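Both of the next two complexes hold chain A, though its partner changes from chain B to chain C.
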Partner chain A sequence: MRVVVCLKQVIDPLTPATALVLDASAKKIRGGAANPPVINGFDEQGIEAALRLRETNEDVEIVCVAVGERFNNDVMKRSLAVGADQLILVQDPSLDTWNAYPIAATLAAVIRQIGGADLVICGRQGSDWDNGLTPFILAEQLGMPLLTLAKRVSITGETRIEIERALADGSMTMDAALPAVVTVTSELGALRMPSVSARLTAARKQPRQIALAELDVAATPSPAPEVVDLTIPVTSRICTFIEAADGPGAGARLAEILLQTGAVRLGGER
Partner chain B sequence: MRTELALRLAVIFVAFVWAGFRFERLARPLFAAPAEARLRPFGPRAWGVVVNVFGHARLLRKPYAGLLHAAMFFGFLFLLTAVAQVFGQGVSPLFDLDAVGGSTWIAFGQDVFAVLLLTGVAMAAFQRGVWKPERFMGSNQRDAAIILCLITAVVVGMLMQNAFRVAGGDPSARWRPVSSLIAAAIVSSGVTGTAAAHGATAFAWMHMLAILAFLVYIPGSKHLHMLVGIPNVYLRDLKPAGRLVTPDLEQPTLGLSDIGQLGRKQTLDLYACTECGRCQELCPAFASGKPLSPKLLIMNLRDHLLKTRGVGGHRAGLRGALIGGAVAEETIWSCTTCRACMEACPLFIEHVPKIVDMRRHLAMEAGRVPDGISGAMLSIEQRGHPWAGTRFSRLDWCRDLGVRVLAPGEATDTLLWVGCTAALDARAQKVARALVRLLRAAGADFAILGEDEKCTGDSARRTGNDYLFQMQAAANIETLNARSFRQIVSICPHCVNTLKNEYADFGGAYDVLHHSQLLSGLMENGRLPGPPKSDSAPGAVAFHDPCYLGRYNGEFDAPRAVLGGFGATVAEMERSRGRSFCCGGGGGRAFAVEPPDQRINVIRAQQARATGAPVVATACPFCLLMLDDGCKTAARNDGGGAPQQVRDIAELLDDALRGAGAAAIS
Partner chain C sequence: MQPTGENMADASYDAIVIGGGHHATIISCYLAKAGLKVAVLEGHTALGGGAVSEEAPAPGFRQNPHAHFTRFYGHPAYADFNLREEGLEYIFPEQNEGMIFEDGSSFIGYSGYRVVDPKTGRTEEAPDNVRKTYDQIKSFSQRDADSYLRLFEQYQKYWKKAFHKHRFTAPTPWREPDALEALCDIPDSGIEPVHQFMSVRQCAYDYFESPELRTLFMRATPTSGGCFPDDAMGLQSLVHVMGLVLSFEPAAIVKGGTQSITDALVKAGKKLDVEYLTGHEVDQIIVENGAAIGVQLARGGSMRAPLVVSDLGVPQTFLRLLRNHPIGDKLLHRVRNIHYDRGQIFWGNVAMHELPKYTADNVNPGVGSQPRLYTGAKDPEYMASRYQHDIFLLGFPQQPYILTAPDSIWDRTRAPDGQHTILIEDFTAPARLFSGRDWGRIKEEFTNRALEEWRKYAPNMTKDNIIGTRIYGPYDVQAGKPDMIEGGWTEGSMFASQLGRFRPFPELSGFRTPVKNLYMCSSNLHSAGGIGRGSSYIAAKIISQDRGLPRFWESAGREF
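Take a look at the complex of A and B:
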């Protein structure tokens, strides 16, 4: 059984705002040299889901596929270190896009090229833009059912998939025939730590590179959504010590300041 | 006479064979273990034996226990003459030590040391039976009682044997004051002549049997330390305290997961333990109710070793039983690596390296690391610092200060190694800012590495992830070696320790100072101006010794000199200097999730609070954060009231030099 896990390389979501660099003309954000990218956290949980399937099912082959502009191999090879059998990268400048269509179409083309998949696992969304569209388009392109927000994934009778969906007020069990696309969510749990021997072995392995031109990618419908403007929110802190003789005095002074600065308004005012 | 001799020989033979089997059971795993290269240098090693075994240096830190041990130790040494006599005469009636004073000064010494020894036994019995200090909790009390009884039997047997001899007219009478006293009582009860000779024989038997019982008993007892104590002290670790052994990451198994992987000295440690509990008494993890006692750890490892390797000698089927069996994972992760245990152990047992070695297995093979710690380690790997989620980048703390960033190829006198915490934590940043102001006031030529500085890997190494540590070391050494500087100064004792003691294994040898050392030096040679005259004296400051500055790197005086230098009075806590109580942040524990009822920082804050000083000073960013938090809880637990202020020594000095008014806008 082949399980394909789709990965996205993203700007480290924990990069401090002061380190982000805005490329205004290209309408893109870069993490800066000192802040290497990471594998999208939800996608890492996808790898974890696949590894758990391998613990309970025989002959599970895990293939990780990532498409994007340019990859940091050391970062992406974490997937090999934790136990993926293969890592496939498609690198092309045109894949640095906000549009989910060409991304999903390229992923689908890779999956078709390697001979299909029994199960495709995606993270619920990318932590950079949070669009969450790729898995939907991918399922459409592959003609597979889509099961979303899984916190537990299991294979029943080798031909069906069962997931437990995380809901705000409980959970839901869903079941579908394989092949299928599943998205996983953070309740599934973090990706395991690789052992050092696995890391050292992974360090010697190389990802398989496929050129975009070698793939039969479906055409992107137009018009595509467009990014009109992009800014980094500026946050600042002003710290003021309130001088007052006692508690009530300090409270009154605080209320005055809040009113003056417009942080609070009196009832009825709009 | 003949039959008695034959019986005696038979008993001695049986006892020796029996003891031999019991010793062999211990020796087998010991000699199967890989030997560490610890035989040389002879001089310092032997001197350590003189000071610590014969001089009782560490034992006497507890005067009562030290004295009772000295009484028994020297008593035992001298009474070896009596052992020689009783066995010599046991084998051949012609044997005596008269040529070397056996019936003169040796006889006198035996009487004196017998009394000394019995005094020691009585003191020990009082300590164990009446006083019962908490450090004995978990020790094998039955074993201790048996040992005291056997020692008493040996000494009483010897004294009575001699007394009956004196009663029978032995010429050594005038050299044996104590035996003569007992002899007088024996004679007055009418026993003389042949009867006395029979008595002497009977007690010679008691003397001999007690010694043989002792011999047979020792291999299964904590009293084994009388044999392995000296080698264990001789083979003690002479490396810098802060340098862990670097493992080869290419070897098939990493870390300690099978007791058979222990090195020979590490195995000897297990035999040397006397269960005295001095380690347990000082262990912050134990004090906070966590499932770790360094003493029980060693005892459990010893019992596990003998159970799994002493009996069958086969390792098959026993693999993995160490972690999760003999030692719980929780126990392994409870350690702050503060080294209080190792500093207290009279026999130089190495607890921390064993714990780190088991962590190495968990971190590098099993992949089982507690949540908070694993998150910090992943952050070091991905971002070069453990503070995932910080809103700062490495230069934010000094944007308005214009500190020079040293580019590759450039040179400076002092490289300021800021450290992740001082660069990325809002509270700790104030320390770095204070230090920059002080360095400028002193006219120092200094620079920082900025974005090129990465975590030194201390927490990674001490949580067992040596792979990550070695990656950090390689990256930092490459950065450092591309620049020139005379010395490195850091605010963080953990960084100091790693840069100074551990990077040498990877091609990085540097002159490294802690900021307390730099500042005290600058104050001493007058490069920092004296504090301005002010009306308010700085007052009392409780100083918390960071483990990695004090115990690990021997620096207790420099931070106190800084505090004293601007007129503060150091209020010493009960646990200070070498006995300092960890803040709870060492060994990666700064990132661990602490159960609310097991917080070491709160215990330490309470100890600081007991001094009554309004300010707690420290010299480590981990300690700063841990105690800042702890002091607030301690104040609340104490029924409200203002928490103590927690400040770094650099902040306090900076305040003093700038005048108190400037302190608010640091």
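Take a look at the complex of A and C:
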């Protein structure tokens, strides 16, 4: 049984805001060379879901697929270190796009080219733009049912998939025939740590690279949405030095100012 | 926009020191003692840079988040400002470095010099300790034991004095040997010209034959200077490391933690009317007609002084504070290319109920209470060829080499009664090699592996014995210390091509700058990173010479 996990490389959400650069003309945010990217956290949970499936189904082959402009191989190879059998990368400048359609179409083309998949797992959304569109378009392209927001994934009777779906106040169990596309959410749990020896072995492996031109990618329907503008909120700081004879006096004066300006309100007021 | 002199307040200081780090707390005392009215401007709330302590890893414990091993009693400022009277006190255990190996064997170094006057740190030779160390080494190598005796003689006769002079003297021009280079011309000094260019590994293999001392030498070198086995360590590090590995020098424990150094210096400075202004981040240096005349503050306003000293690193000084005064393409190119990829550590304390009970103590009593104790495999080949490789690839070495320092044995201010706290260290990679998310994971993994490793040597180091841990890595360090680029403590790699007259690169190694009235005093310059090194003292001497101020070193009767 082949499980394909779709991965996206994103800016590390822990990158300090001061290190992020807004490229206004290209309408892109750049993290800078000093801040390596990461595998989208939800997608890492997709790898974890696949690894758990393999714990109960020995014949599960895990293939990770990522498409994008340019990859940091050391980062992406974490998927191999934790146990994926194969990592496939499609790198092309045209894939540095906000538009989910060509991304999903390229993923679908890779899956078709490698002979299809029994199960496709995606993270619920990318932590960079939070659109959450790719799995929907991918399911459409592959002609598979889509089950979203799984916090538990299991294969039943070798031909069906069952998921426990995270809801705000409970959960929902869903079932579908394979092949299917599933999105996973953070309740599933974090990706396991690779062992040191697995990391060293992974360091010697190379991802399989497929050129975009080698793929039969479905055309993007036009018109596509466009990003018109991208801005970072402008924050300003006004610093006032409180003059007072001593500490308690300064504290009292600070409290007065906070109340006067409405920065804090006394209990009960809303 | 470049601020001008017009909007500035009237001159109220004779000297402004930018940054309130360790070297600012030293140079401000010297400038004030020369009669100048000095202001120290620190952007953060704390003074002292790397010379600080905090309450961690649990309430009632005291940890040094940055520098831990210090010998400030050997800095001229200790006597010049009566710092012992200001509360800076050292305790001197009679052992120094040791190592326990995986096979249960171990090595104890007993201090070749013994402190006979704790008030001044004055030492005398300790022949009984030399004999004990000799016997320890002889148990695994007669050749290395003989080398030890010969090196100790050479250390006494030549190295010790030259090392001290080198640390507190400005680099000499090219072709003029400095105090350490001069040793190459003395036939029986033990230092030959080739040692200037040997890698750490080459030095380890040249001086020793035993796997014990080769392993210890290669592991102790990064702790003292950040160099990995394939780096050319330079004479400065060679002499420094040899003095520690063979325990020529006694261990020194600063009472109350490293913070005591800063507290004593600031107390001394305040008596000399130095003004320490925290929360005063300098935005840029104001330059008129090629001369520094003051600083513009980030919070608004400016301050004027006819002398400006930057305690910030060269990149901050030239790329940020002087951003409107380009110093020319070649210099800028070199500023941007200073090498920072050394000195990255996992570093922190483990608070515990009882001290580790090392099984090696049963065979070699006392090894468990070495002030600097390494544990790890007796495997120089791993250190030589794979230690750094693993670190850069994984974030930590596959074979851990943990350094521990149980200061609370001697300094009871570090832990509540009946409890202890021990520093642990191993090396890791430059911050940029991993994402913030990965650093979180790697640090957790390192901590777990370190504690697991510890249990191999001291079985009582179970989770039940541990009260708390606080470990810092490069990602944490670079977030709070902008001069520790890539999160390394050395503030610029300390290998031969970035030491002495080449630190951080030849054109800016002289403490003066291309801007008149602007000087530098940080550890980005000679004699490099570490508490109590010489950059600020040397800068103070150069400023005194340039400005006709009293030659304080001469009045103290010092050669340098």
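By definition in this document, the second predicted complex is superposed on the first by the 233 of 270 C-alpha atoms of A that agree within 3 Å, B and C clash if a C-alpha of one lies under 4 Å from a C-alpha of the other, contacts with A are read in each partner's own complex, and residues count from 1 in each chain.
We adopt the following convention: a contact is a pair of C-beta atoms (placed from the backbone, for glycine too) under 8 Å apart; a residue touches a chain by one contact, two chains touch by 3 or more.
Only a predicted model underlies this, so the values are computations on that prediction, with no experimental measurement involved.
Participant: Putting chain B and chain C onto chain A via the overlay, clash or fit?
Facilitator: clash
Participant: According to the stated criteria, A:Met174 is in contact with first (chain B), second (chain C), both, or neither; which is it?
Facilitator: neither
Participant: Just chain B (first), just chain C (second), both, or neither: which does A:Asn35 touch?
Facilitator: both
Participant: Look at A:Thr18 in the shared chain and tell me whether it touches chain B only, chain C only, both, or neither; answer first, second, both or neither.
Facilitator: first
Participant: One more residue to check, A:Met193. First (chain B), second (chain C), both or neither?
Facilitator: Both partners, chain B and chain C.
Participant: Is A:Ala203 touching anything from chain B or chain C once the two structures are fitted on A? First, second, both or neither.
Facilitator: The answer is second: A:Ala203 touches chain C but not chain B.
Participant: Pick from 43-51, 115-123 or 205-213: which stretch of chain C gets in the way of chain B?
Facilitator: Superposition on chain A puts chain B right on top of 43-51.
Participant: Overlap of the chain B and chain C footprints on chain A, residue-wise?
Facilitator: After superposing on chain A, chain A residues 12, 14, 16, 33-36, 38, 75, 193, 196, 199-200 contact both chain B and chain C.
Participant: Which residues of chain B touch chain A once you look at their complex with the stated criterion?
Facilitator: Touching chain A: residues 249-250, 252, 254, 363-369, 374, 378-379, 382-384, 388-394, 396, 451, 467 of chain B.
Participant: Can you name the residues of chain C that touch chain A in the complex?
Facilitator: Touching chain A: residues 299-300, 393-394, 398, 431-438, 440-441, 445, 479 of chain C.
Participant: So in the complex, the part of chain A that touches chain C is made up of which residues?
Facilitator: Residues 12-16, 33-38, 41, 75, 193, 196, 199-200, 203, 239 of chain A touch chain C in their complex.
Participant: Please name which positions on chain A make contact with chain B in the complex.
Facilitator: The contact residues of chain A facing chain B are 12, 14, 16-19, 33-36, 38, 75, 192-197, 199-200.
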